[in-house]
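Just below sit the structures, each encoded as structure tokens.
The same subunit A turns up in both complexes below, where it pairs with subunit B and then with subunit C.
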Partner chain A sequence: MDEYAIGVLTSIGLLSFVAASAYLLLTAGELSFGQQGFFGVGAYSGGIATAMLGLPLPVGILMAMLFGAAAAALVGLSTLRLRGLHFAMATLAAAEMLRILFELFHWQMEVGGETVGPDGTQGFRGIRWVFERGVEPLGFLFIVYGMLAFMVLCFVFLERSKLGATLRALGEDPQLAGMLGIDVLRLKLAVVAAAGALAALGGALFAHHNTYIEPRNFDIMLGVHSLAYALIGGLGTVFGPLLGVALDLGVLEGTRFFQGYRMIVFGGLVALLLVWRPRGLLDERFVHWLRTRR
Partner chain B sequence: MRRLLLLALLVSPAALAQKTDAKLDCKFTGTDFVYDCTIRLNRGGEPLAGAQVTVGADMPSMPMAHNIKPVRARPTKTPGEYRATLDLEMTGEWAVKLRIAGPVRDQLILHYDFTESGTVPRK
Partner chain C sequence: MIDFIQNTLDGLTAGASYALLGVGFTLIFGVLRRANLSYGPAIMFGAYLATWASFSFKGLLLLAAIAVAGTVLAGVYVERLCFAPHRRGPAAAAMVASFAIWMQLEEFATLLLPRHLYAFPALYEGGPLNFGPFFVRVESLLILLAAVATCIAGWGILYATRFGIAVRAVIDDPRAAELSGINVGAVSLRVFAAASAIGGLTGFLIVASHEQVTPMLGMWSTLKGMLAMMLGGLGSLPGAIAGGLALGLIEAHSQWYLGPQFRDFIAYLLLFALLAARPRWMNTRSAY
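So, the complex of A and B:
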């Protein structure tokens, strides 16, 4: 496999985590424009863990997920009483606040004769744990897809469990779910934290893949795209957002011959797709049809 | 695999501490967003010759969505100097990723503004 194909597949894998985090929130009935903020929290905390504290990558990833979940829970605590678009706007504001915090974050130290650590708008260089251990791009691709497979497995179990059904009920009608005895706020908070941890996991892997991160990596464009992945791919199954990412990057890469008009063509295709299937390709109705056909 | 990992862990910190420096100078070719770039590599104050350099680029504001197909840079007659043609999607700031193999293995990220005349390093 050539370096370009490996790069595209790695990007699809990395973006799948943040898309899955937006999908998890959508199944619980919440629209978030702010998952990029937790992706950033994961990238920074994972980078600090390995590049500055000398911890191994698995510990760095766990730390990133913990910080991502904690940051998301904090945001959730103050915003979950909001509904619909108000919640979406609040998550966007929170993500922008996080991005500005990354711009103000300076913490550097000498490691092996080099200064490493977050340096505000100049970014955070030297996240080289993966690179220095001789992990080649193909090896890293396997790491990313191994973790992605584990995440998909967890989602499949969740969707077939009682908790999964409860989540869907919550997403459909929170008032009715509350009347049935579901602790709506607590469950939503748990979902927000889990989605934050997922986005952070993607962020930690992204930081180690790139060896460099900066606050602008985590701006609104990533948030909009992650939501779009879930909406394009469909809300019927976790494979929806993954299909959304693959289609997005696939269409982007496949329309290179349009050169400067590429983004216009891409935007047009996405708009057409959403007119044709408003809840995405793998929507609930299609997934139900697939399941009952067997 | 285990041996490789052990070897990687035993590499001396001094060797790791020696940094590769890179400078990029690109000229607009006249074709939309295509740039001819010269890369100068130095390590420990000496030009880094005989390296295999692969050049990629990504837009920092939308990581992974706007990137280019990595290209192999060709060495010139000047030691430590390499040439590559980058076909970008648009002007603006790009994070240029250099993957270096051969006498040393390294990965560098350089930030440049690609304008209608050439490149300006980001301050």
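So, the complex of A and C:
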């Protein structure tokens, strides 16, 4: 494989984590404009763990997921009772606050004769754990897709379990779910935290892939894109958001056919697609048909 | 004290444009119960058309008309493609579709004018007015005046015409309105066009008073408009005006007392705190 293809595939894998986190929230009936904030928390804490504290990457990733989940739970705790646009705007406000905090975040130290660490708007350079260990781009691609496969496996198990059905019930009608004895607020908090951890996992991998992150990476564009990926791909299965990312990055970036007109073509197609299938390509009905046909 | 008053004046004048954006957002939200993410990009599209036209002639009234026409055109396109098909369906699809068109409109605009910065003819050539130790820009007064005029006109239409009654009926309860014979689709389209006209005028006033346009205009207008709408409690026009003015005041004061990086931070913090606390006037019950 040439370097370009590996790069595109890696980006698809990295964005799949944020798209999956938006998908998880959407299946529970919530729309978040703020997953980019937790992606950023993951990127910063993962980078700090390996580049500044000298911890190995797996520990850094765990730390990132922990911080991402904690940040999301904090946001979730104060916004649990909000729904729809109110929840979306609250998550957007939280993510924008996080982005501004990244801009104000200065913490640098000497590591191996070099100053590394977050430097406000100048960004955070030198997250080189992957390269210092001699991991080739192809090797990193395997790491990303290995983690993605693990995530998909978890989702597949989740969606076949009772918890998965409960989640869908919450997404369909929270009031009814509450009357059926589901602890709506607790479940929602758990979903918000899990989605935060997922986005943070993607962020930590993103930081180690890029070696350089800056607050601008985590603005609203990333959050709304991940929402769009989930909805284009479909809300019926976890492969939906993955398909959404692959469609955007793979087909259009890969072919380079529409250079300069890319968003005109893609934006129009997405709007038309949503008229035809308002819950995405792999929507619940289609997935159900796939599972039950003989 | 002088600083405080000067900041308050600056905040109120900046708030006037936020209030106008908030009014446009609220009108659309009121009839559709959907947030139109591409409201700002439609404004940007109109402003870019006007900028492009300004290379050939400088008549401000004509440029304003072009900005308004461009924004209305883009707005109607958005309504037909993203909102009319999703009037009954889930709100997420309409919002994501409007985001897709956001990307499309931005690319249209940047294909038309690819540089990062373009000059725009000035709204007013003279300097600021002085009132003792304070000064106010004439451009800001014009925006304030436009905001007041828009509100009066909007009020008149909403409360004194048949169309206004239909609009209020749809805002109140779309189903009941439909059952009593109102063509909800046509009302939505017209309200969308009217909100876009307000947006186009606001966009023109903003770029003419800054004397420049940048590709940030689209995202900026969407974010400020949504903030003004949410701070005002979502769904009421006087609320959106109050929300816009409040946003301007918060930004001006936090920039002065806490530094430029806190300018946006405090506004988001306040919005988050208000949403978390859910005061009664915020109307946080209605979903979408």
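Assume the second predicted complex is superposed on the first by the 290 of 294 C-alpha atoms of A that agree within 3 Å, B and C clash if a C-alpha of one lies under 4 Å from a C-alpha of the other, contacts with A are read in each partner's own complex, and residues count from 1 in each chain.
Just so we're on the same page, a residue touches a chain if its C-beta (ideal position, glycine included) is under 8 Å from a C-beta of that chain, and two chains touch if they have at least 3 such contacts.
Because the structure is a prediction, the values reported are computed rather than measured.
Student: Once both complexes are superposed via subunit A, do subunit B and subunit C end up clashing or fitting?
Tutor: In the arrangement built by aligning on subunit A, the partners subunit C and subunit B fit side by side.
Student: Given the touch rule stated above, what does A:L104 touch, subunit B (first), subunit C (second), both, or neither?
Tutor: Only subunit C is touched by A:L104; subunit B is not.
Student: Once chain A of both complexes is superposed, is A:N210 in touch with subunit B (first), subunit C (second), both, or neither?
Tutor: The answer is first: A:N210 touches subunit B but not subunit C.
Student: Does the superposition put A:S226 against subunit B (first), subunit C (second), both, or neither?
Tutor: The answer is neither, since A:S226 touches no partner chain.
Student: Comparing subunit B against subunit C, which has contacts with more of the residues in subunit A?
Tutor: C
Student: Quick one: angle from subunit B through subunit A to subunit C, Cα centres, nearest 10°?
Tutor: Once the two structures are overlaid, it is 90 degrees.
Student: Per the contact definition in the header, classify A:V270: touching subunit B only (first), subunit C only (second), both, or neither.
Tutor: Touch partner of A:V270: subunit C, not subunit B.
Student: By the touch definition at the top of the document, which applies to A:R262: first (subunit B), second (subunit C), both, or neither?
Tutor: Both subunit B and subunit C are touched by A:R262.
Student: Is A:L31 contacted by the first partner subunit B, the second partner subunit C, both or neither?
Tutor: The answer is second: A:L31 touches subunit C but not subunit B.
Student: Which of the two partners, first being subunit B and second being subunit C, lies in contact with A:S45: first, second, both, or neither?
Tutor: In the superposition, A:S45 touches no partner, neither subunit B nor subunit C.
Student: Now for A:R81: first (subunit B), second (subunit C), both, or neither, which partner does it touch?
Tutor: In the superposition, A:R81 contacts subunit C only.
Student: Which partner does A:G7 contact after superposing on A: first (subunit B), second (subunit C), both, neither?
Tutor: It touches subunit B, and subunit C stays clear.
Student: What's the minimum Cα gap, in whole angstrom, linking subunit B and subunit C in the superposed view?
Tutor: 7
Student: Can you list the residues of subunit A that touch subunit B in one structure and subunit C in the other?
Tutor: Shared contact residues on subunit A: 221, 260, 262.
Student: Sort out for me which residues of subunit C touch subunit A in the complex.
Tutor: The touching residues are 29, 35, 37, 81-82, 85-86, 89-97, 99-104, 106-108, 111, 219, 223, 226, 230, 234, 261-262, 264-265, 268-269, 271-272, 275-276, 278, 284, 286-288.
Student: Under the touch definition given earlier, write down the residues of subunit A that touch subunit C in their complex.
Tutor: Checking each residue of subunit A against subunit C gives 26, 31, 78-79, 81-86, 88-90, 93-94, 96-97, 100-101, 103-104, 220-221, 224, 227-228, 231-232, 260-264, 266-268, 270-272, 274-275, 278-279.
Student: Under the definition above, what is the set of subunit A residues touching subunit B in their complex?
Tutor: Checking each residue of subunit A against subunit B gives 3-4, 7, 11, 14-15, 112-114, 125, 128, 131-134, 206, 210-212, 214, 216-217, 219, 221-222, 225, 248-249, 252, 259-260, 262.
Student: Can you list the residues on subunit B that touch subunit A in the complex?
Tutor: Touch list, subunit B to subunit A: 4-5, 7-9, 11, 13-14, 16-17, 19, 32-33, 54, 56, 58, 60-65, 67, 69-70, 89-90, 95, 97, 107, 109.
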